[in-house]
Amino acid sequence: MILDWLLAGALIGTAAGVLLTRDLYRSVVLFIIFGLLMALVWVRVEAPDLALAEAAIGAGLTGVLFLDALGHLNPDKAAAVRQKYRQPLLSGLAFLLALGVTGLLWMALVDSPQPGVHLPEIVDQQLLASGVEHPITAVLLSFRAYDTLLEVAVILVAVVVGLALRFSQEDQPAETQVLSPLLQKMLVWLLPLMLMVAIYLLWIGSYRSGGAFQAAAVLAAMAVLMRMSGTPIPGHSNLYLLRIGLVVGLGLFLLLGSVDLVSGGNFLAWPEGWEKASILVVEGALTFSLGMLLFSLFEASPAPKQASMTRGGGA
Amino acid sequence: MLIDLLRSLLILVGAAFFLVGTLGLLRFPDAPTRIHALTKVDNLGLGLIVLGLLPGVASWPVVFKMILIWLLAIAAASLAGHLVVQAWAGSQNKETSSRDS
Amino acid sequence: MSSLLQELPQLLPWLVILPLFWALFSLALGVLYRHWIAGVFIFLLLATNLILIGQWLLLGDLYYSLGDWDVPLGIQLRLDGVALAMVTVTSLVTAACSLHASTYLDDYPRAQQYFWPLLAFTWASLNVIWLSADLFNLYVGLELLGLSAVGLVALTGQTEALGAALRYLYAALLGSLAYLLGVALIYSGYGQLDLPALSGLLESDASTRLALALMTLGLLLKTAIFPLHIWLPPAHGKALPPVSALLSALVVKASFYILVRLWLEAGLQVVVPSAAQFMGALGAGAVFWGGWMAWRQTELKMLVAYSTVAQLGYLMLIFPLMVGVSPTAAQLAWEGGWLQLIAHALAKAAMFLAAGNLVLAMRRPDIIGLHGVGRFLPFSLLGFGLAGVSIMGLPPSGGFMAKWLLLQSALASGQWWWLLVLAGGSALSAVYIFKVYQQCYIEDTEVDNFRHPSLLLDLSSITLALLALSLGIFSAWPQALLATALSGGGV
Amino acid sequence: MNTFFIYALTGGLLSSLGLLGFILHRHLLRRLMAFNLMGSGCFLILTGLSQSHQGVDAVPQALVLTGIVVAVSATALALVLIRRWYHLTGQTSLPEDVQSLEKTSSKEAQG
């Protein structure tokens, strides 16, 4: 109990820190710490899948995106400090509004009625028919597969807009290379291990917490490491291959989903007897495509005007 | 009974090492010394905690996973430490060169 | 013929699968066969739409549980009268916008490559929202819609478009988070997410009232209703004409569609008449403020964008005219409101396309540049005029029929003050549309130095405007389509 | 007052904190971080509150997983727009915020 109060307090403290610190760089670092604390909170809420996802995507990838953006924005110190808040009247009003919202929310939380329908029991009953043992993967990829389909489309849209804006102005690609021999040597060992972890995460997704999104996040982290250390990523420069890679995840998901539909059955109902196999195939395609999508969210960011931030020291 | 005593002792010492590490982080003046304190002491603390947890673990694969986690933590910490200090050194001689010229 | 229709397999999911496949093909093949792919998929979607209309007329409301999982666990698609009307309008307007964009984008080679995937994603997300009855599914649909719409606005990459896209994105994100907070409270309180199943259960206690208020706030922000409309005019004014036509006609209406489902279907017990009157007041504010700002604009497309803010105000009149009134008045208001939504979608899309053609012709955005257009560009002006007829609500048009139904409903339920809003709004819209016309007939340039837009551009806007007019003349049929949604049965 | 409910309450506080930051700040990156905080708060409420009623439940956890992925793609899209906006205008906040900034600073100058 004390641990929960402590963790909750730390979470709120970090969140307040993110909003109140003057220096932008410090608030981004605090934001990454907030993401890691959130991962801990998800463990306390008995949601291991979410802890994995939050750590890999929430803190990891979002943190990298923010740091990368920050590096390109090179905030001029003076402006950052002075214009932090709006006029006192508006900030007072906003503060009152926030207090009101907290009060209303807490009142609603305390008074929330007991639900009539109990979904956990229904999920357990239907688990066998879904073809997967792990309830969360069952919900994600068979009961509510439609949500996951649309969610992959959402990421694809984000990447398409990134590509559209990136190439709409002719600017050189962002070289954020960190030239250090230790990194190169270490990667020789790290990359195969990360690949193995990604495949392991994908495989256990069907009976324990893991799955396509967490595995894809590890793949994306691998690609970011390779990009930062300058090791060439196979087929990276070839835009055509990139586009095909982006499309294959959603495409396979749609195709497999409508196999049953074409034969008179139901959309997103996996073929009889082949549920586990088709879910695994879809998860594999999703992992590959999502890994590429998450990486191109990092990659597709427009380049800065001047040379980029980290030029390794005299190594 | 003795095992439990030993395990709790190991975990306590590990935690103490973490404390010392953070103390070093706060007290030391500049980046390299802080990084040095952090990476060394915390890795040792983590090692002790892992050692303390090992007997309580049921299946063998989990034991190997725990040790793997520890090794990875050491590799990541030392690599990150090296890069941070390298970037710090880069910015350091940039300042000195701009100040001299 | 009817037996053929009956045993055709359910076509509901194809409304979402086809646009997603279109997006994937156009993304993979890039600029190569973009017109062919667009043509094929638009034809397929229109055909599916026609077959669905036939099936709906025979079988009544269609339900489709995805993956064979029934409601509390799985997601169920639902096609009732209103959803069918919205799907049909979406197909018509998007087909016309694609026709217009196919030639208009020749001047923007860079935008061409990524316009079609984003358009297909927008169409897919619109169909997702019209068909879905699951609260979280609607959230993901709204996000997909928001992100692809922001992408479309920012496509040209110019400074103004980027600023407008950023403002739009931040408003959309805040709106969908407020909506998600409401969904979280409702799921925790009632254990399920399906709207029809929830409509019986919602009782008005603190957490449900707050959930509904948060969802309403989020959806009002995304529909850009009066006090929360600041992001809309720059976003619709600065985007490419086919994009702003699509945004004004459909994208803004999707969140309104969810709002009406929430208020008048699920939350009927929780909703209080005074809250409905407040929504009506917001609508009235939107009508007058939008009309006033539209009249004061100097740029043509900004004028049309502010006219959207004004016309959205009319839609808000559904709430006061339907909560706590006699069933006949509610029926009139229901049909009038949806007819206004459809008529505005068609007319506003036509008006934006025509405005785009005019701006393209006179090579400058502001209205003063229209001098002499009356003599040299009759076709583009015709499109703008016909659309203006429906926006103003002159007798033959769909706009008039909708406002007439709303008027009758206001009289039937004794809420006379909405008449002032209807009359005042129409007068204001007449003012700002004639302001544009007044400039067109001022003759000061003898020689025709306008850049004549190709016939296809004008044709797409005029067809949409004619559709809006025909809606008024043959309004009996769409009214029957909409009327059933209340009673929930076949024709 | 089980553990899930504690985190539901923290989620409520987080959401309003995020809302406060979203309204208060002018810098686009800070507003984006505030949005992410508010999103995490929202997910916490969804999971914490529903699990405080019915115990561990896979459905809200799957919804939150989808929500996290949607949040990261929205953030990535916003970052692309912000960098392009900075690339073209050199500003890190929207024009109307900048004007209100000049008003306050001019007032300070006179005051």
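Structure notes:
Note that the chains take the letters A, B, C and D in the order they are written out, and that residue 1 is the start of every chain.
Note that in this section a residue touches a chain if its C-beta (ideal position, glycine included) is under 8 Å from a C-beta of that chain, and two chains touch if they have at least 3 such contacts.
Because the structure is predicted, anything quoted here is derived from the model rather than measured.
Taken together, chain A and chain D share the touching chains C.
Distance from chain D peaks, on a Cα-centroid basis, for B. By number of C-beta pairs in contact, chains A-D lead all other pairings.
Centroid to centroid, with C-alpha atoms defining each point, chain B and chain D lie 32 Å apart.
Centroid to centroid, with C-alpha atoms defining each point, chain C and chain D lie 28 Å apart. Across the assembly, chain D contributes 15, 43, 45, 49-50, 53-54, 63, 66, 70, 73-74, 77, 81-82, 84 as residues in contact with two or more other chains. In chain A, the residues that reach two or more other chains under the touch definition are 105, 109, 112, 115, 118-119, 123, 144, 147, 151, 154, 157-158, 161, 165, 169. Taken residue by residue, chain C touches two or more other chains at 136, 140, 143, 147, 150-151, 154, 157, 181, 185, 188, 191, whereas all remaining positions touch fewer. Two chains count as a pair here when they touch; such pairs are A-B, A-C, A-D, C-D. If you check the complex, the residues on chain A that touch chain C are 104-105, 107-109, 111-113, 115-119, 122-123, 126, 142-147, 149-151, 153-154, 156-158, 160-161, 163-165, 167-169, 243-244, 246-247, 250-251, 254, 257-258, 261, 264-270.
Every residue of chain D that touches chain C in the complex is listed here, in rising order: 15, 22, 28, 31, 35, 38-39, 42-43, 45-46, 49-50, 52-54, 60, 63, 66-67, 70, 73-74, 77-78, 81-82, 84-85, 88-89, 94-95.
By the touch criterion given at the top, residues 72, 75, 79, 82-83, 86-87, 89-90, 93 of chain B touch chain A in their complex. Listed in rising order, the residues of chain C touching chain A in the complex are 9, 13, 17, 20-21, 23-24, 27-28, 30, 64-69, 72-75, 110-111, 113-114, 117-118, 121, 124-125, 128, 136-137, 140-141, 143-144, 147-148, 150-151, 154-157, 181, 185, 188-192, 201, 203, 205-208, 210-211. Listing the residues of chain A that touch chain D in their complex gives 1, 4-5, 8, 11-12, 15-16, 18-19, 24, 27-28, 31, 34, 38, 41-42, 44-47, 49-50, 53-54, 57-58, 61-62, 65-66, 68-70, 72-73, 75, 79-80, 82-87, 90-91, 94-95, 97-99, 101-102, 105-106, 109, 112, 114-115, 118-120, 123, 135-136, 138-140, 144, 147-148, 151, 154-155, 157-159, 161-162, 165-166, 169, 171, 213, 294, 297-298, 300-302, 304-305.
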